[in-house]
Each structure stands twice: as structure tokens, then as C-alpha cells.
Amino acid sequence: MSVTYIDAIREAQETLLREDPRVFLYGQDIAAFGGAFKATKGLAEMFPDRVLDAPISEDAMAGLAIGAALQGMRPIIEMQFADFSSIAFNQIVNHAATHFYRTGMPVPITVRLPSGGTAGSGPFHSQSMEAIYAHYPGVVVVTPATVADAYSMLIESVKLEDPVIFCEHKFLYRWLKAKSFQGDGLPIGKARITRMGRHATVVTYSAMVHEAVRAAERLQKESGWEIEVVDLRSVKPLDIDTVLASVARTGRLLALGEAFPWGGVTAEVVSRVVADGFHLLEAPPMRLNSRDTPVPYHPKLWAAHRPTPESICDSLRKLLSY
Amino acid sequence: MDHTSITTQRASTTYIRAMYSAMIQARIMENKLSSLYKAGKIVGGVYLGKGQEAVSAALGSALIPGKDIFAPLIRDQAGRRAFGEPFIDCARAYLGSALGPMRGRDGNIHRGRPREGMLAMISHLGSAVSVVAGCLLAKRLQGQMLGTVGATCVGDGATSTGAFHEGLNLAAVEKLPLVVIVANNQFAYSTPTSRQYACEDLVDRAKGYGVNGHSVDGTDFLACADVIGNAVALARAGGGPQLVVARLLRLSGHGEHDDGSYVPDSVKAGSFGRDCIDVAEQQLLERNIMSQEEIAEIRETATIEVQAAVAQAQQEPVPDPYLEDWRAYHSPFDQSQS
Amino acid sequence: MDHTSITTQRASTTYIRAMYSAMIQARIMENKLSSLYKAGKIVGGVYLGKGQEAVSAALGSALIPGKDIFAPLIRDQAGRRAFGEPFIDCARAYLGSALGPMRGRDGNIHRGRPREGMLAMISHLGSAVSVVAGCLLAKRLQGQMLGTVGATCVGDGATSTGAFHEGLNLAAVEKLPLVVIVANNQFAYSTPTSRQYACEDLVDRAKGYGVNGHSVDGTDFLACADVIGNAVALARAGGGPQLVVARLLRLSGHGEHDDGSYVPDSVKAGSFGRDCIDVAEQQLLERNIMSQEEIAEIRETATIEVQAAVAQAQQEPVPDPYLEDWRAYHSPFDQSQS
Amino acid sequence: MSVTYIDAIREAQETLLREDPRVFLYGQDIAAFGGAFKATKGLAEMFPDRVLDAPISEDAMAGLAIGAALQGMRPIIEMQFADFSSIAFNQIVNHAATHFYRTGMPVPITVRLPSGGTAGSGPFHSQSMEAIYAHYPGVVVVTPATVADAYSMLIESVKLEDPVIFCEHKFLYRWLKAKSFQGDGLPIGKARITRMGRHATVVTYSAMVHEAVRAAERLQKESGWEIEVVDLRSVKPLDIDTVLASVARTGRLLALGEAFPWGGVTAEVVSRVVADGFHLLEAPPMRLNSRDTPVPYHPKLWAAHRPTPESICDSLRKLLSY
């Protein structure tokens, strides 16, 4: 028997609803319908009062979550697609994110963002918005790449006192399988060495972890290079210690992400590494992101817009040949 | 308001015929899209306007291509046709041809010809309302407002967006000739209207914006011609924004991936469950506006044209990532600098 | 609806007296803030509720501290007082004391005591509506809804925000006991209502949301007590969201930096130009609810308390950047990691 | 006679209105009142049809601008404060920014954002949002630091076919003076060497250019260090060539900004410099941003939240002593 990434998200929500009466779910089409991606399938039947359909009002959905959190609840909001959280942007970054600093009272909300590209989804159903939220003080931004992380980090997110943006990757939903939800118990804020290596470090997160591992395997087969892959798991807070320790071993860094190229996670990773680990580097640290255009609809364009094992291998070959 | 009684006087035969043609063309195109989707030939979502053709076509047929602005939404295949969109645009968008207005960069319902006044929607519901208002304000500033109309459709769900509210309010303040049609098809994806709003009728919102409100049975072909045609005429004549609420039922799933099994049988069996195309044909025949033969001919021509468009799009090149310029700027910035 | 006629029956004397006290306390506090601002003792904006005290206090006095939720906005000094906010909170926020709920991290009208049900507003207008709805939904889920009310105030300008629309609509769908007061003071900063909305009366929006609508002359003390007290009572009794539109005039600039010279004299001279505090005193005396002496005593006590609060806040330490923890997280993340 | 930064913005708008009938202004309180900062003072009198008060509807304001631009106009939208553009975020990044790539038809709108901190303005009237917009493909983000740039870049922004986010710094409005609006004619996309130096490069933009120059002067006086200051002028596109040329001369880089520390302009600058100019660096490149909290209200906290000549000097001393 195997479980998928989306199963993990559903299961985590069931566990949370069962174990914590403060938890409730709010989002478009999440009740009887079970959500656009079936992340809440069957939950409304089990917890009819605590799984509620929302109107198409992302701003108010986030606002409602904030208010409920202030009254002691632990809301989980599902955005139908990460891209639509642009409507909730103000409530998240100005209301939720500032509240603890301003008043001393935290706002424990979890906002689930079905993120990232899939073939044919186009500019408005493919976005990766982690950098947008991570820019703001007070927001935790998590980006699970494994089934076990999807499960444990969602549970942990809801237990945190701070607002959490939970970026779950749509590409992984049904594609990524595991034996169980059981993981290594790493907390939010700690990165993981997904694959050990000696010659270069790829620092990445979410779906790109798997592309990086593929690229690493290919390079190993082709030329014996041993590439280490670090999965950040959360991009804010960002576990620079684990990254630095890896770079100390390999001397070479490729920061990899699926989001748009200006700024973002890869820029933050590179900047932190050179600030604290300049002397560790044997080559200029590199970045690989998506192209600097909206995410295109056509599968052929889409496949060339995001990093692929091929383009990751290309970057790594450049990095290794320096 | 019962508009059907005065229908034949107000809505011209030309208008009604154009409307019917667009409806049937849309239906045939969408049936084809549905088969293509089921055959795995379309990547991404397919969203149909089944059951909404009368509303959409009544709007599209009342607009003047090249002069008016039209921002179609998800279920406006018929309105697009009526406003002059060639079948090939639709086929290309869905099949990802490298040719045509979207060049594979965007797909399906997100297509448009903004240079010709037919906007290319973004997914975020409600966003088009203020954009159409902006088009109209521009026309006013350019001295080209006279007799121009801008129109868009939204669903019952989209009325809950802040964008809808801000856009309609702004248009009312500026007294712009904007027609907003709410196709209240009783569901937003799976969500029934009871979870979407609490008023008795969405048309009750019109007064709160200071705009005219109109109600229509969206399955009644001639009533749509009358009420929507009238709303467009009022806007054109300087009556300011018009809000039309059409009641009907989505006769498909939200998209072709969805079987819509959450729609209760009682709703399907209810008066809004009837197919506006059946109603149209009945009304056209009853009133001798069209004959069986004409209807058959329109259907046949549409079938042939749809087949041709799909066949053409399927033979066309798909976008080549190596030829793609990957430029999000019109300005000639050195792209490596971005 | 003429509510004033039944006022004295419905609004209890205790309520009316509490309301008046809060109004006069607010006015005295704000006069002090204005002088402090003019003397250069306050950094940042000073926003007054002059002319809006009756509306604000009617709401605050109808709410039950410790049970209800109140999200005051810019001009709710009086409502805050009525809901139990001590003068010192206001003085500390404006004077940037390191003590008190905001510790100098946020100032002026952005203060609050969210743990005690008085929210700390963000500047973005309309944002509080859905947040109060969320508080109420939480109470329902916690089984503590019975007899609880949540309330917020917005201005005429804030009704144009998408947040207002989404929040009120959502509250209506959930049938939450939310009271939203629109203090229509005829201007949003310098913008007259003719550039803000096109409906005849904002109360016309109530029907479109499926909520009760109430109108009141916001300068009429007893009418405010009656209509707003009644709206709160209706919400408390399970009547769902209530929208109250109070017409009045802002009797100050937008902030103390603004002389409001754009307000036409004719408007100032109009019926909404009267000062609700004058009206209140006249009504209280006429109806023998309070005596001159009592009024004088309330004023005197307030003056002393305001002086004391300001004096105290002025002596308190201001925040020290070296002692500041600079933490935006409650969680004990290593801050260097952020 | 001298002119200020806000004068430049007003004057540029007058020039544009006079010379180009396609230009119109839309924003809250900008007509008879002349705007919250008087950036449009008197313009409604001169151009009554083309300077219009908007309702408090930032989303619709941006949408209106997009529509008008599609019909051949050149709208300039004033957000009352940059912070309120969070409400217009969706229209800007999803509607305006994607349109050219999707349809081939550009959307020439200019969105003016009164940006950055001033004493006592607090968390919601102080934000610097350049990184948020620059993350998205298709948006030009400019950040003038001088009176002449405020003038010429606003004119140039309106002439560009692409959507421009015009970040004007409120702190500079009345404080920054010049003899005239006349500048050196540098186009958007080109950085400027504001101050020449040999020992380290500070790359910055907007109000921080002036703080950097102050710090540089102080260090020169104190210890003879010669600090070069590069004013990016636009953060997207970002003129990395000028930055690299400077770093080639000095060997040391401090990227300085007033925005929040996670991601942002400074991370982008450092990442680009190490990617292409790693061999030029004699010390680890450093960053200095604001603190990672909302912008505090109290002037004392505010002054310690943003970089100051003191903290810039501290950073530079560390950089120089490496």
C-alpha cells in the first residue's frame, strides 16, 4: 500500500480536526465537494460544523481566519490555487503578519496554497508565491517536498502560534508516493540533506527537490559526480546552518527554485551563503530559476520555463567545471 | 417585470437570428471540445457554457464589434461568437497552436483579441469589471464615447469578489455605459448560492450601486434577447451601468473534469434545467422567425466550420521553446538584466 | 423610519447616560490631542472623531465588554471609551510610551486590546469587517455565540473597498451577529460622496446583502441611541448582520494636519453641521435625563482624567531600540535565521 | 531658487498632461485637493477632465488604468501610500504584468507608490514594496533618488510601453532639493555612480543613496576610506554591468536597502554580483536592510529599524577590515 502527497495533506487535516477542537477548515468547495484537489475529501461528513464552504472572497476568507484565530481557534484556509491568494495578500501581510509585533498577540492561521506548475495550467494556476510572503516579517513559509513532510509540517504549522503559508506543490499531489506518512521528525526551520554528495550542493525546496535528485543521479551515472541535495523544507525561517555545512563539504553551490528569477528564495540563499561562507566556496555560487515570463500554458513551453533535470545538469556541469 | 410579452416588438429579427446562430455555433464547438478533452487531446481545463448560450449570445449580439468592448468570462463561447470571434481562435487556444492570438502562451478561455475590443480574461474572478470600466473611461476621454458600450459577464460566485464590487461601484460613480451580466447558474463550481450570498435576488444589489437592475430567465431565449438587448440599449443611450441578473443552470460540470454530481436532481428537473437551445428553437419556429430548414442549415454549417477549425489547429505547429523569445517586456531591455 | 419618537421607551437611561459620558470624554481627550499635536508633541497623524461621537458612543455603549467584539476605526474615540478603553491607552499610543498595549510599535488610532475583544485596526480600510466576522464564527464554533455581538465602524469611503463587500457578504451568508455602522460623514479625506458612490443612500445596500438596514441622523443623540441600540439588540437576538448608515458631518479635518477647507460652507451650515454633543446636552436636559450639574461634573471629571493620563504618558519611558527585541515571531525561531 | 523631489513629481505630471493628451491621472484626493502629498496640486484646475478623484478602491483603480491603457491612454495612478497598493496587487501582477506576454499587447500604466519610512508613520504608511513587484515578470520598478531622476524617470515611465511601478520616497519629498529638474539624462535601466571611490562599493537606491553618501563622507573624514556609491535608479531592470564595473574597481560590495531583509533588492544584487563577478571580490559581499519586523511607529524605533549612516558605517568597517 502506498500513500500520496495529497493523502498526507488530507490525513493531516483529519488528524488535526480529530485531535484539536480549535481546528476548522474554510475554503471554496472544500465541504461536501472535498476541494478542487480533494484535499478535504470526506472531512465535512466527519466534522460537519468545522469544514465550511467559503464564498469567492479570498480577502474575507483570510480576514475571517485572522478573527477566528484571535478568538482562540486554529483555522486552516484553503486557497483554491496559490495564485488566488493575491486577493488575500493584504490581509495576510498587513493584518496577520504584523499583529504579533504590534500587539503581542499572535495570529495562528495556516493558509494552504496549492502551488507550482503543472502541464497546461497556464499563468494563473501555476504560481509559486513563497518569496512574496517570505519577504514580510512575521510570516512562516513552508514548502514540503515529501509525503512525510506534507503530513508532519501541516500538523506542525497549525500548532505554531505564527501565521503559516503552507505551499503545497500540485505537481506532487498524486505523483509523489510513500509507504507511510511517517518521517524523520525534523521541525519547521530545519533543512534536510536529501542526498549526500561531495562535489557540489544543490539547495532547493518543494517539487524541485525531486528534479535535483534526478539531475544528481544522472550526473553520477554519466560522470561520477556526487551531488548533494539540500531540501530547505521551510524558506522562512531558512536553515542556513545546514546549507553552510553542506557547502563546507562541497565548495560549490547551486540554488534552485521554480519561482520567478528576480529575488526570491535562490537570491536569499546565495546571499546568505556568501555572507557567512564566502571562504568555503571554490566556485561562484549559481542560481537556477524559472524564466522571467508568466508561466506559459503550453506544456512544451511550460517544460522549458521551469528548471528541468537537463537544465539543472547543465548548470551543475558549469558549476563543476569552474 | 415580464419582458417576454414585448419581445418581438423590441428585439429585431436580425438580432434574434444572430443570437441563435451564435448559440448553436457555440454548442457545437463545445461539444467538440468536450470530445477532444475526453480523447485526451486537450491539456488543461475545458470549461463549457452549456445552458448559458442564450444569455451570452444575447449580450454578444447586442454589441458592436470594432466599437464596443466585450470581456467574456468562462462560459461565453456564444457571446464570443456573436462578437465575431472566429472558431479558429478557440480551437487554437485549446489545442495550443503556436499561431493565433495566444501562441500557446495562454490557453482555453483565457484567449482574447484585446486590440479588437475583446479582452483576454485573467482567471481571477471579478477582475474584468474595472478593466472594462477603464476602457470606457478612455473612450470618454478620447471623445469616442458616444453610443459605445462595454460589457462583461460574471457568475453568481464572482459577485462575492471585492473586484466585482469595486469595479461596479466605480463604473456607477463615473456613469459609464457598462453592462454587467450576472449569469446566476446556481453554483460556483460545487458551491450553491446559499453559501455564496444571503440576499433574495442578486438584482437587489443594483439599487445599492445606483444602477439599473434587470432580471431575466436565462433559459428563455426571447426574454434574454429582450432584456439584455434592452439593457445594452439603455447603456448605449447614456443610462449608465446596467446590471442584468439571469437565472439559469449550468448544464455541464464546472469543467469537463467534473461530473457536477453535486447538482441535485430536483434542480436539474426544475424550470432552469431546460436547455435554452431547445427553447430557442421552439420559440423561433412558433413565431416563424426561422424554419426547420434554416435551423438545420445553421447547424450543418457550424458543424463543418468547427471541424475545419479543429482540423486546422491540430495541424498547426505547437510552440517551440527554442524559438520562444521569453520576453515579458515590450521595451527592449537587455533581458539578462531583468 | 422615524425612530426618535420611540426613543425614550427603548433606550434605557443607563445606556443613554453611558453614551453621553463617553462622548464628552472622547471630545475632551481629542481636544487635548489636538493641542498636543499643534504643540508638536505628537509625531505622526492625529485623527479626530469630532461630530461622530453620538454614533460611535451609541455603538460602544450597546456592546458588552468582555463578551462582545468591537473593531473601532479612525473616529471611534467615543466608542472605545464606552467599550471600556482607559484614557491611558490613547495617551500612550499617541505619545509613544513604551508601556501599554502598543509599546510604541504602533500608534494613534491603531491601538487596541485584542485579548479583551477590542481589535487593533490596520490602516487598510474595510479590513476589519471580515475579521470581526471571524471572531464571531469562532464564538459560534466554541459554543459561546449566544447573545454575543461583533461590531465595527467604517466611513462612507470605506464602503468602496472590496474588503467591506467581501466581509459583509460573508457575514450575511453565515448569519453572524455583526453590526456594521457606516458613519457617512460626507467626505473621505477630501473626496465628497458624489465621487464615492452613486446610489441614493448607502442603506440601499443592505437588501443586496440580505441584511437589515437602518438609517439614522448621526447628529441626533437620542436617535442614535435608539437606532444603533436597536440594531445591536437585533443582532444579539439572532437577527443576523445589521447595517446602520448614519448621516453626519466630520467636524474636523481628515487629520489635524488638514484644515478641511474643501468642505463647502453650505454643508457646514446644513443640518448635519450641528454638533452632536450640543444636541445631546439639549436632549438630556429637555427630557430631564441629566441635569446641568451632572453634565458639568462629567465634563470636569473627564478633564481631570484626561490631564492625568496625558501627564502620566508623557513621563513614561519611550521605547529603547537597544532593549527592543525586534521579533516579529512568537515562535522561538533563531531570529538570525529569518 | 530651489525645487524639491515632490515638485519634480508634480512638474513631471504637468509636463506629461500638457504634452500628451493620452495621459490622465487617477487617484484618491488628487483632483481639487491636490493629493495627500500635493503631488498633483493645481493640476485638476489646469486639466479638469484628466485629473480624477477615485473612490477607495485600489483594485478597481488599477483595473481602470489597465483598461484605459488598452484603449490607448497613458494613465498614472496615485496610490495614497505604497502600503495600500496591496489591494491593487492582483490587478498589477496578474493583469497588467502578464498581458504583454500573453497577448502581445502591452499595458502602459504607471503606478505611483509613495514609499518608504518617515518618523511616526508606523507599519502601514512606511512600506517599501519594490521587491514584491520586481519579483513578477513584466513589471518595471523604478526607485528615483534625486530630484532630476524623479522628474525624468516619471516622464520616461509614462512613455514606456510596459507597466511601471514608480516608487517615490516620501522622506525625500520636501527634504531633497536641487537647483533644477535637469539631470544627466540616464535612461531607466542604467545605474549611476553617485560618488566615486576605490575601497568599497555600496549599491543602493532611493532614499538610502543619501544615507550611503553620508556614511561614505563620514568614513572618508574619519579614516580616509573612499567609498563608491552606486544608485541603481531602477531595480528591475537592474543594471548589473555598472555594479560589476564598480566592484571590479573596489573589490568590495555592500548592498543596501530600506526594505525588509528577506529576499529583495539586496539579495538580487549580491546574487548577480557573485554569479558574474565572484573573482572580483576581495571580501564576502554584505547586505544591510531594515530589521525583520513591521516598520515601528515610534521615531526612536523607526530610526533603528532602517539603516542609518551609523549602521552603514559599521557594515562598511566590517567589509573593509576583511
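By letter and in written order, the chains are A, B, C and D; residue numbering begins at 1 in each of them.
Everything below uses one rule, namely that a contact is a pair of C-beta atoms (placed from the backbone, for glycine too) under 8 Å apart; a residue touches a chain by one contact, two chains touch by 3 or more.
Since this is a predicted model, take the numbers as computed values, not measurements.
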- request: Moving only from a chain to one it touches, give the least number of moves from subunit B to subunit D.
  value: 1
- prompt: In terms of CA centroid distance, which chain is the most far removed from subunit C?
  reply: B
Task: Quick one: report the Å distance separating subunit A from subunit D, using the average Cα coordinate of each chain.
output: 30
Message: Averaging over Cα atoms per chain, report the distance between subunit A and subunit C in Å.
response: 40
- prompt: In whole angstrom, how far does the Cα centroid of subunit B sit from the Cα centroid of subunit C?
  reply: 44
Field: Centroid spacing, where centroids are CA-atom means, of subunit C and subunit D in whole angstrom
entry: 36
Field: Residue numbers of subunit A (touch at least two other chains)
entry: 54-55, 57, 59, 83, 86-87, 90, 94, 97-98, 101-102, 123-124, 137-138, 236, 238, 262, 291-294
Set of subunit B residues in contact with two or more other chains: 102, 105-106, 110, 122-124, 160-163, 166, 169-170, 173, 195-197, 327-328, 338
Message: Can you tell me, using the touch rule above, whether these chains form a line, ring, star, complete graph or other shape?
response: complete
- prompt: Mind pulling up the subunit B residues that touch subunit D in the complex?
  reply: 69, 101-103, 105-106, 110, 112, 114-115, 119-120, 122-124, 127-139, 141-142, 162-163, 166-167, 169-170, 173, 327-331, 333-334, 337-338
- line: In the complex, subunit B touches subunit A at residues 42-45, 96, 102, 104-108, 110, 122-126, 157-158, 160-163, 188-191, 195-197, 262, 318-322, 324, 326-328, 335, 338
Query: If you look only at subunit B, which of its residues touch subunit C in the complex?
result: 160-166, 169-170, 172-173, 175, 194-200, 202, 204-211, 240
Task: Sort out for me which residues of subunit D touch subunit A in the complex.
output: 83, 86-87, 89-90, 93-94, 97-98, 101-102, 123-124, 131-132, 134-138, 236, 238, 255, 259-260, 262-268, 270-271, 274-276, 278-279, 281, 283-287, 291-294
- request: Provide the residue numbers of subunit D that touch subunit C in the complex, in ascending order.
  value: 28-29, 32-33, 36, 53-57, 59, 81, 83-84, 86-87, 119-125, 261-262, 291-294, 296-301, 303-305
